[in-house]
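Both complexes below contain subunit A, partnered by subunit B and then by subunit C.
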Partner chain A sequence: MFPFSVHSRFSYFSFFSNDLVSLLPEIFLVCCICLFLVHGVVFSKTGRILSTNVANLSILALVFVCILLCCSPGGNYLAAYSCFFEDDFIRIIKVFLLLTCIFCVTLSLFYIQLEKSNTFEYSVLLLISLFGIIAVLGANDFLSLYLGLELQALSFYTLAANVRVSEFATEAGLKYFVIGAVASGFYLFGASLLYGFTGCVRFSDFSLLLSHIAPAEVEGIFLAFFIFFSSFLFKVGAVPFHAWVPDVYEGTSLNVTAIFALLPKLALFGVITRLLFCYFFSLFDVWQFPFVLCAVFSFVWGSLAALGQGRIKRLLAYGGISHSGYLLFGVCSGTVYGAQGVVIYLLSYILSGVTIFCSLVGLRFSRVRYIADFAGLSLFSPGVAFAIAASLLSAAGIPPVVGFFGKLSIFLSALAGSLYVGALFGVLCSVISTFYYLRILRTIFFENGSRPLGAFFSFFGSYFSKELSFLVGFCAVLLFWIPINPRILFFISFYSSIGLIG
Partner chain B sequence: MYLCLFLFPFFGFLVSGSFGRLFGKQGAAFIATFCVCCSCLCSFVAFYEVGLTSCPVTLSLFPWICVDVVESFWSISVDSLTAVMLVVITTISSLVHVYSISYIKDDPFLARFISYLSLFTFLMLSLVLADNYLQLFFGWEGVGLASFLLISFWSSRLQACKAATKAIIINRVGDVGLALALFCFILIFGSVEYSTIFSCSSKVAFCTFLFCQFKVDILSCIGVLLLIGASGKSAQIGLHTWLPDAIEGPTPVSALIHAATMVTAGVFVLARSSPILEFSPVVLFFVSLVGAFTAFFAATTGLVQNDLKRVIAYSTCSQLGYMVFASGLSQYALGVFHLSNHAFFKALLFLGAGCIIHAIKDEQDLRRIGGLAYLLPFTYSFILVGSLALVGFPFLTGFYSKDAILEFSLSNFSVTGGLCHWFGVISALFTSFYSFRLLVLGFLGYPNGFKSFYKNCHEAPLFIAVSLIPLGLGSLFIGFFCRELFLGAGTPFWANSIFIYPVRESIIEAECAPVILKQIPLFFTVMGAAVSFSFIYHNPIITYRFLFFNQMFRVFYTFLNQRWLFDRVYNESFAKAFLFFGHAISFRIVDKGALEILGPFGIVFIFPGLSKQLISLQSGRVYHNVLFIVYGLGFLLCSPLFYSSNGCFFLISVGCWIVFRVF
Partner chain C sequence: MSWLEILILFPFITSFSLLIISFTEAQKKLVALWGALVPLPISLFAWVGLDHANFQLQNIICYSVLPGTNSEVVLGLDGLSAPLVSLTCFLCPLCILAGWQVIRVGVTEYLVSWLLLEGLLVAVFTTFDLLVFYILFEATLIPIFVMIGIWGSRLRKVKAAYQLFLYTLFGSVFMLLALLLIFAQVGSFDYGVLIASNFSIERQLLLFLSFFLAFGIKIPMVPIHLWLPEAHVEAPTGGSVILAGILLKLGGYGFLRYTLPLFSEAVLFYTPLVHTVSLLGILYASFTTLRQIDMKKAIAYSSIAHIGVVTLGIFSGNLMGLVGSCVLILGHGVVSPGLFLCIGVLYDRYKTRLVRYYGGLAQVMPLFSAVFLFFSIANLGLPGTANFVGEFLCFSGCFQSNNSAAVLACSGMISSAAYSLWLFCRISFGTLKTVSFLQVADLNRREFFMFAPLVFITLWVGFYPKPVISLLFVPLSCILELGF
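== the complex of A and B ==
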């Protein structure tokens, strides 16, 4: 057979006409990454410290990518031989992903300067993982999804062990690597089984195929599907697969923890929502119950375990597990409100996450590790105390803060999907989580005696860079401002969830 | 103007209640009094506009509760019935305000007292101005609250607090009745508006609805519920026990709330609901029966009470009975007329009693005062006027309404009519007896008090005197002036505010009844006065000998003095059981027991423990983590098996096996 058919030649040419336009942000990002790498390698030999430089450059690059993304022609399209797909849902998630990444770089920049760990590779690795995440989000077949996942995961393993002198960080990185390898194995096994049973690699083919066959004929597909999907549950830290989360969060340095907590959750829940809603919705009856169980276990386990934590990072890790549970629960409702709820929840999660992690990074100098270390914070840094209060209230879902809308829409969608018992558990666990978040606030605002006097002075020493304080203030105010005018939040979330369906 | 009428008392309440300390207690009292007086002027204008020129007014202010088809508005709706009530309420209230300035002047909380009075006035106005049952209910509950606050105004007095609690608890029973009636309106008419309900009531007359599989006549059910509500507020027999105890509050409160206005709310509701009651003969029968019994029972009890104010309180109860049985005989206009007359002379009596109490150092026991006529001629003359009006002395106010009630009951040719008539006439005898007994013991008889009482005895100060005069004039003349307006044959005054089923209209019969029969009450009244004078004034020794040595009479006396043992029966049969339930079961077992263990204590014990166990699972070792993952995957893979029965069986057996192996 003639190797270049007419058809393929046309599509080859079309790569330069349409795909170039549609993939422009990603291509620009890749070019930037290569450029920064070369830049770093070349100039690091001159003995200059490049971490600030490259970080600023990456912020600039991210802003440009963001602009490119916002200027993209819109609509749904397939690109690069149908390897990548994009619609409004993905585009909105991508924009938020980029914004979050900008926040993360800003936060890390401060941290790097503070700790004097002058590695420019940090920012580059972050950009690479971001590229991987974007590829995951837009992937339309098993292979591109896998490549994206692996790219992201590999750079995350490296990021986890970023602080090379710390044995905790090394341990965390190694653990993450080993367990991540298991998850990748599951992914590949499940994907190849799915391919073996159906002969499809493209997700859009699955939706067509599954809508035309009876469930009884697809029992093998169940197996393959769950093996395949367990790797996603692993990545987001849902309960049977959550065990790595607290260890990795605790071992890595604070800036990396922030990245782990924020970036993948946004992208992966985008992917999970899209996969379950668009491509595997015909198996809804099959996956709803197990995933609801996973979700319920996640938030029960997360809240209960967070109750007994004394370390703030571990507490946030378990809090993150329960947040994953709520998000998964929203997906399981199987309604468009569920998708909307997931988007709202994600946005509120990102906002409160950025606020709390920025505040913690700012307090890094005063060695705040345990919850008890927060005592007296409100006396010395009322602004930071306010920001932490705002973010924790949001995470707990207390009404005047934006997190309330997230939890509310998740529970409402669950009720719309008749998941009454699960919603009941969710509300109860929300009460428990309110308890442990409010306990931190009590320490911040009403306790001041437990630390030695010298430690108080360390609060004086905690200073925020201009960017960081802007970021903290911005997010904290946003947490309170959005509920005053929630229209934009509901508009964005509704628009994206409609984009998911249409 | 109508808005001012409604909101002035509220303004007075806010100012004197919230900012009283800025104006000083006298200042706050004057502001509140001024507000209420303004409201009073407005209500006279309203009476002229609505009552005399026949221009009913309805203003919808703003929506309150609009759910489904049920819509209720805050509204000001004035028709003739409301106009009468307005005049009564605001007049008495402003006089009582003036009276209180002087009466409570030594109390540091005068501003609070006055603000409560204004609040009460506002709530009472919102009750009568309502154009729907929901706003009426609001006012109804509100006056109950204000009554509670005012009775317990001297909250350091145990008796006052007990009386206030009793008042609000017993009122609750009646409130439940009214609330159920409200729900019935929503259920059956889908509305709480008077206009809707009253225009539809004839359509549902003698229709039934199913309640717990029982067929219940709609309007009878509603009517009985309304009667329960009215009994609670208007102290009808069974739910009357709070009223005599409410005298523990300050005397102006007794005059305003427990004689003139609040207790008449029940009569007002009955008159207001006339289009409903008229279609249910059963309810009318019950209403007249309850009213007649109350009149009789309260009059007999009043005969032997020794507390000055308690005598007047039982007299109030008895007069309320008259009003209610007048309503039960379909003579709502008569009931309302007696209501307004009674408001004047009973307020006069209470305020006069207040003068006595004020004059002789808070002594209220009739047996320990006496001979005051020579020391307090002013007070004596007013109490004399009030008493004569009360007993129905010819051509005083009470005569025109009370005797009219008896005439109408006489001319209602039915069993209930006759019953009511004779109960009423006997009550009139007793009324006359205890009124003159009060006069004799308090003013004419031998002085029995301590010397110091009489030494410092002083006549009423200016404000008190000023507030008594209009009431005295009212007691003298209102009946004479208003009789034809309210009761004259074919008077257009009531317009549409009161509905009487044409068959039950008995004005002609009443007018044409034989004169000799009409004079029966007068004869009985004179007889009561004569007995009172002869036994209490001239021959007290004989009376007491009779009392001490006649076994039969003593049992009878004790029975009456113990108020027909109502309180005792209630306390022993209901209160004890409820208290036992409240303490032993709902408090100790449920609240402190089950809820506490399931709630705070349980949470405190269980959750940290659970948390510890979960955390201990988190060893941090990689192979443990992987084990978790493998278990999780196994669980996910098994989950489709839940859907088939074989799979379920398989899973259960595997689970049993695991449990067996582990333990």
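== the complex of A and C ==
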């Protein structure tokens, strides 16, 4: 397939003997996507509302993919002529991606029913983007990585502009599209430069090449490397490339915001960690300092800019920027602790993110947009108030909640990697971020607002759907339960980091 | 289940049952009171049953966090932590009693946050793992934050809750960094391992400063004390009681448990700094107390002055000072809650804490005035009260190491007599002010039974401190042996 590859072993039998088994979850997912699409197209002519139906079906499909993934043979393998790679690290991230995606579909289901939107394409697009993300995670060369990234990005552009009547959504979709195109351009430019300078397409060839010759001997490789990686920084919203994040968060509808906030971060940080730790580690001396700068600026800017925000979505967006900073900081430490820290931080981020977005979607009926709209929530709905409090405390990294363990392991990796000044900035910024998260808690618990919430609650009574309230409760309890019994968290992080390194 | 587990888990279980079982309001209060009270006899038995001559941890429980590695969380008791555990279990029921009639909104949440706080505090004093200590140290902030923010008295409470949270968090994130630095070197958070390990001098200086910032803000030392008067004034009575009684002592406990044994060279290096800051605290806080018009603020500043004496004792570098500081921690943990309860009694009746509205209360509330007088006198450290024993030992310890500091501190404590008595006189003597005619009611039975044990303990430790002191000798001399 790629004649210039070192490891290319062309065999007709490998597909059926090996690849079919190892790629079974992905193949199943693609089949489901096609089926749902056909199902939707055929039955939408009959005039039935299909959005709920397809969303339910896709939850079932995702659960099944998850089971398939958990039952996969395990170990490390290459598939499809070494285009895809899988090890324990990737598998764990994939499982969490699928779980997160199930959560996202569940909360979208509620949203769809609430808004009475009749677009079954939404769930299909989400599944397509999920497939893209999974391809990104497992990619083993520049081309498959690019194809995965584009598949994910294209369906995300459409998702962003999902609410066709809203000007904000259209603007957000357009912005996201333009920025994404620029990022893809960077990716292609960097990748082609890397290929041009070294002649390698496969990542494992890269690491082999770089371990045998001094990187400085390959001229231009540093430039190519940074151009290549700046596209990833674009996508995760790290600081010099962060400007699109708040606008896109604000413009898109709430369910899409949840997807944008949760899914790509999980996958992209998995990929970044794997690329930097496994394949480009010979260039560690070169990439460490610039990436540390990016990380530090991200969390400094994320936490400072969030101070002035009045809208909850923009605040979460800036919070997301600073979370990206912390994650990147963990990667930059270049230690095993760093890989563990990234996994733990990602898990806590997902948990708190799911909790807060589910609660916001549940409060959607009352049009909560500004932080001030939360006033008196604890009086009307103590359960939701507790869930939001737990998730915000976790995002701020306050000790008894699981987010603390994320921050702890990130800072531990930073100190183990002698990034003392950065760690100092990190803890100071976490204090600043606590300040604005506490501001929301103050509004929820200490202020007795009478405006929208009061009228809303007296009128509607019970409004969360069963699934949504289960989801909120489950995540909120997990946020407190995991710190009491952190074994599972540490076990996952150890296991995945061993998969990554060894 | 060992005693220690019951001690820690009982408040949590009670709070959980409050949340899931539907009691009436009166039943809830009773359940919470008993839930907070049951650990008290257990902790007293555990304290009395400690082996005095044994310097090691007792009643140990180990939890393995990660099977197959040596990451074990150790819980246990020793002579230093046992009295603080008992004090916690003693004060929390009092705090629930203090809000018995006043708290009308969110009774369940109020009781639950008290029980959670009690459980967390017991756990923080029994843990012998630095990371778990840090986690619980921070976790105690959340109940007290909620308590001040929701059940505080004025609109300013939000600012006070904020200050409390952010000041403490600011200090402790530096401690977090120090903790991680320690872990990066030692590879364990276990107390026994930490004590056995050595840190280079430069690293010790850095680590000491970070720990000092965390504990100094908590205890609080003078330039970083600003959150305390705010928090005290805005908190409900129970909140002030637990703040003064236990939460401030966490800082002192941290100094004794972690700073002294772990960073011994740095302690020697920084002793002049700590002495200076403590002296500043004593003098500044004593004189500031004189000009306060809010009663709670006055008591808050006097707490800062007394805490200055405690830190002088801790950093005096000899056994007498250390024992004195521990006794003063206990004594102040009984006397200042008494004072805050007195002010709470007044506030419940007349809804103001400003001194100028009060006067001549001795004529209409004789029992209250007697109790208030007793605690005022105890606060100024009259012989026969617990504070006297503590202050005397602290000062004599300090005289051995630093004459001038001791002299200045003693003279600063003279003004404690001035402010305590002056505050008492302005409220209890003189002509009856108009506010006192509104409602004339002396202590009721609930309030009397709140004060009686406090008075009893103050007198007992004042006259016969041997049982307390003899338990402190062994652990403190261990710390001294390791530290200096």
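We adopt the following convention: the second predicted complex is superposed on the first by the 476 of 502 C-alpha atoms of A that agree within 3 Å, B and C clash if a C-alpha of one lies under 4 Å from a C-alpha of the other, contacts with A are read in each partner's own complex, and residues count from 1 in each chain.
In this text, a contact is a pair of C-beta atoms (placed from the backbone, for glycine too) under 8 Å apart; a residue touches a chain by one contact, two chains touch by 3 or more.
Model, not experiment: these values are computed from the prediction.
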item	value
Superposition on subunit A - do subunit B and subunit C clash or fit	clash
Touching partner for A:Ile501 - first (subunit B), second (subunit C), both, neither	neither
Partner chain(s) touched by A:Leu438 [first = subunit B, second = subunit C, both, neither]	second
Which of subunit B and subunit C A:Phe490 touches, first, second, both or neither	second
Partner chain in contact with A:Leu415 - subunit B first, subunit C second, else both or neither	second
Touching partner for A:Cys34 - first (subunit B), second (subunit C), both, neither	neither
Partner chain in contact with A:Leu293 - subunit B first, subunit C second, else both or neither	first
Subunit B and subunit C contact sites that coincide on subunit A, given as residue numbers	none
For the subunit C and subunit A complex, residues of the former touching the latter	65-67, 109, 131, 134-139, 141-142, 146, 149-150, 157-158, 161-162, 165-166, 169-170, 173-174, 176-177, 180-181, 183-184
Footprint of subunit A on subunit B - complex, ascending	607-608, 610-612, 614-615, 618, 620, 622, 624-626, 628-629, 631-633, 635-637, 639-640, 642-643
Complex contact set, residues of subunit A against subunit C	382, 393, 398-400, 404, 408, 411-412, 415-416, 423-424, 427-428, 430-431, 434-435, 438, 442, 445-446, 483, 486-487, 490-491, 494
Residues of subunit A touching subunit B in the complex	175, 178-179, 182-183, 186, 219, 222-223, 226-227, 229-230, 233-234, 239-244, 246-247, 286, 289-290, 293-294, 301, 304-309, 432
